[in-house]
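Heads up, there are several structures right after this.
Look for subunit A in each of the two complexes below; its partner is subunit B in the first and subunit C in the second.
Up next, the complex of A and B:
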């Protein structure tokens, strides 16, 4: 659904390229996470794919149409939720949603049902100026999905949301993907990406440093070991003792079994790497 | 794409942002001023006031409206949808022109009763409102905030006012300034505004309408188009 090949782009009056030979594809029904620090080229790539930036080289197409030739038909297939929700402050949530929905052809979702699902039914007739950041973020998602786009671009869709609303948002994203939409999700939140994405790409300085499923990345870059943690008896507050065992041959490891039989067992955990650690290892920098 | 909901919501926004109320207040002020003037003076002032409804208010309110969109960040969301910039600006110009026409009719009725011609007045509003709205919107896209727009557009405002200067003081202004006023975007509109209240030669009116059309086309292609593309890419 989304095809990007050797994509390069430099802003006017800039000597360096913001995007340097990026390549990836996103299939229908897939949630693809685009992760990277500020200035890595995430927004530039997204804006190219949305048809807002021209003058790139390489290929950037959505549903077989090159982004630089984006027309009304192209844009009708695309839904976008930006990181900072932008609405008409003097219109109500429902008026905003109906206005933006009116630009797209049928079939569309019922605005009332969508607002209800996102917990905004009671605020539907309030002006957006009175909305909290979390409410605007939810309205932002509603606007992006209301016309049932085939391709969804979401920038930090769970930013500023409480856990319950973040879960609802993730559910809606997964539902849209299950319905055949290709979802391009840009985020700093590795836990959110881990929970929602089928594949992720790490973008640094305009280049993709790694691209795979979160599970495959964790396997590849994680440590194949388990740690047994127990509390040593006899001490006043209990000293935490940890011991590491290799995952290979663990079933036959007598020392591991003996550790499990000792008193004060607290738990056993794997040493899977998190996406944050993998990003740090691959790029040498943290995500802000 | 059905543009009626956008048309309706843009009008709603003009109301909620107070633009429509501003039109109403100015119309009342105009009516009050005209009623206080001797009839010959009021008759002389009437074309200027009617013309200013479109030429000035469309210019400033289109600019302010675009600045508000820029401040709210709604451009990004609008232009990733199938809505195209030209539709957006067309709707803004149309709504402001309708308000201007309503205001001009109300002021005319208050001063002259039914003794005016609505059709030339409508042409005047279109001929003034279209280029003024587009130029105002384009400058707002470049200047980006209401404050910068109000200050930065003073020279343009002065140029748009030249037809009135010639009308009021032609014997006392230099010839080159009078000639220059004939080439401003609002000259055609002013001729039609005068035609709403007095006889104006048909040739002049035809030339005025053609000039307004040319200015509108030029403003769209040469000023608004590049400004809209720049704003879309930001």
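Up next, the complex of A and C:
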């Protein structure tokens, strides 16, 4: 659904390219996370795909149409939620939603049902100026999905949301993907990316440094080992003891089995990496 | 979630009807925003209040001037009518300009760029709606004024130039002002344009200084004092189009 090949872009009067040969594709029904530090080129890539930035080289197409030729038909297939939700402050949430939705072809979702799902039904007739940031973020998602787009561009959709609302947002994203939409998710929220994305790409200095499923990346950048943790007996507060065992041959490892039989066992955990750690490692903020 | 289809239909079927309905929705939204803004809510009525006030004030003032100075102001009622015809363009343009400033501050104008309407389509629709309203209001305000020698055909021509001023003022505000306070300063600077119709009374080369301004040509359409009304109408529309194109370019640079 989204095809990007050797994409390059430099802003006018800039000596360096903001995007340097980026390549990826997003299939229908896939949630693709685009992760990276500020200034890495995420927003530039998204703006190119939304048809807002021209003058790039390489290929950037949505549903087979090159982004530089984006027209009304192209944009009708796309839903977008910017990082900073922008609405008519003097109109109510429902008025905003209905106004923007009216410019898209059918079929569309019922705004009332969507607002109810996102916990905004009671605030539907209140002016957006009275909304909290979290409410605006949820309305932002509602506006992006109401016309059932084939491609969804979401920028930090869970920013400023409490865990319950963040979960609802992730559920809606997964549902839209299950319904066949290709979702392009830009975020700094690694937990959200881990929970919602089928694949993630880490963008560093305009280049993709790694791209795979979260599970595969966590294994690749993690350590093939497990840690057994137990509480030492006999001490007043209980001292936490950890012992590491290599994953290879773990079933035959007598020392591992013996450790499991000792009293005070708290748990066993793998040493997979996390997307947070991978992010920090790839962006150079923390060296291993 | 099982998405439920909305009962309302818009863009499917007849595209023209869909576009007209979208325009209607945008107009309704703009009206709501105007009505909910204490600063803007009264702007659409000012031209009518001004026309009504001048309808009574001009004969009174004319009588006083005639008795004291021997000058009959009522002989220039058509010039007043030209100014009245241009009023809605200015005030409706101010309203659209302030709404555009709000849009820019809130990021809404950028969002329209990723919708099927597109940013130019949305801007064109908004300015077009305010211009259409200014056209009707101009003709009506001239009727409210009621003095001089009413000539509907010439009034329609002058109102057309006046209507283009809505886009001119709207874009000027949005292109040069950062916020509403700055917008008021910009409007003060533009206030001199109200005097452009008076240039029809001036001799060359002073009169030529007003040629770039559509307001001057609107007065010529109505009075036909120095040039034939048809030519004045063409000149007024062309100069309006040039101003609007230049201001659109400036506005676009500002929001990108």
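Annotations for the structure displayed:
The rule we apply is simple: the second predicted complex is superposed on the first by the 284 of 288 C-alpha atoms of A that agree within 3 Å, B and C clash if a C-alpha of one lies under 4 Å from a C-alpha of the other, contacts with A are read in each partner's own complex, and residues count from 1 in each chain.
The criterion applied here is as follows: contacts are C-beta pairs under 8 Å (C-beta built on N, C-alpha and C of every residue); 3 or more make two chains touch, one makes a residue touch a chain.
Fair warning: this is a prediction, and the values are worked out from it, not measured in the lab.
Once both complexes are superposed on subunit A, the partners subunit B and subunit C clash. Ranked by how many residues of subunit A each touches, subunit B and subunit C are led by C. Contact with both subunit B and subunit C is seen for A:89 once the two complexes are overlaid on the shared chain. Applying the stated contact rule after C-alpha superposition, one finds that A:172 touches subunit C and leaves subunit B untouched. In the superposition on chain A, A:148 makes contact with subunit C only, while subunit B stays out of contact range. Judged by the touch definition given at the top, the superposed model places A:106 against subunit C, while subunit B stays out of reach. By the document's definition of touching, of the two partners only subunit C reaches A:117; subunit B does not. Applying the stated contact rule after C-alpha superposition, one finds that A:60 touches neither subunit B nor subunit C.
By the touch criterion stated above, A:51 is placed in contact with subunit B and with subunit C alike. By the touch criterion defined above, A:78 reaches both subunit B and subunit C. Once the two complexes are overlaid on chain A, the subunit A residues touched by subunit B in the first and by subunit C in the second are 50-52, 72-73, 75-76, 78, 80, 82, 84, 86-91, 95, 98-100, 102-105.
By the touch criterion stated above, subunit C contacts subunit A in their complex at residues 1, 3-12, 21-22, 25-26, 29, 32-33, 36-37, 102-103, 106-108, 110-111, 113-118, 121.
Put simply, subunit A touches subunit B in their complex at residues 47, 50-54, 72-73, 75-76, 78, 80, 82, 84, 86-91, 95, 98-100, 102-105, 143. Those residues of subunit B that touch subunit A in the complex are listed here as 1-2, 5-6, 9, 12-13, 16-17, 72-74, 76-84, 232-233.
Here subunit A touches subunit C in the complex through residues 50-52, 71-73, 75-76, 78, 80, 82, 84, 86-91, 95, 98-111, 113, 117, 127, 148, 153, 171-172, 175, 179, going by the rule given at the top.
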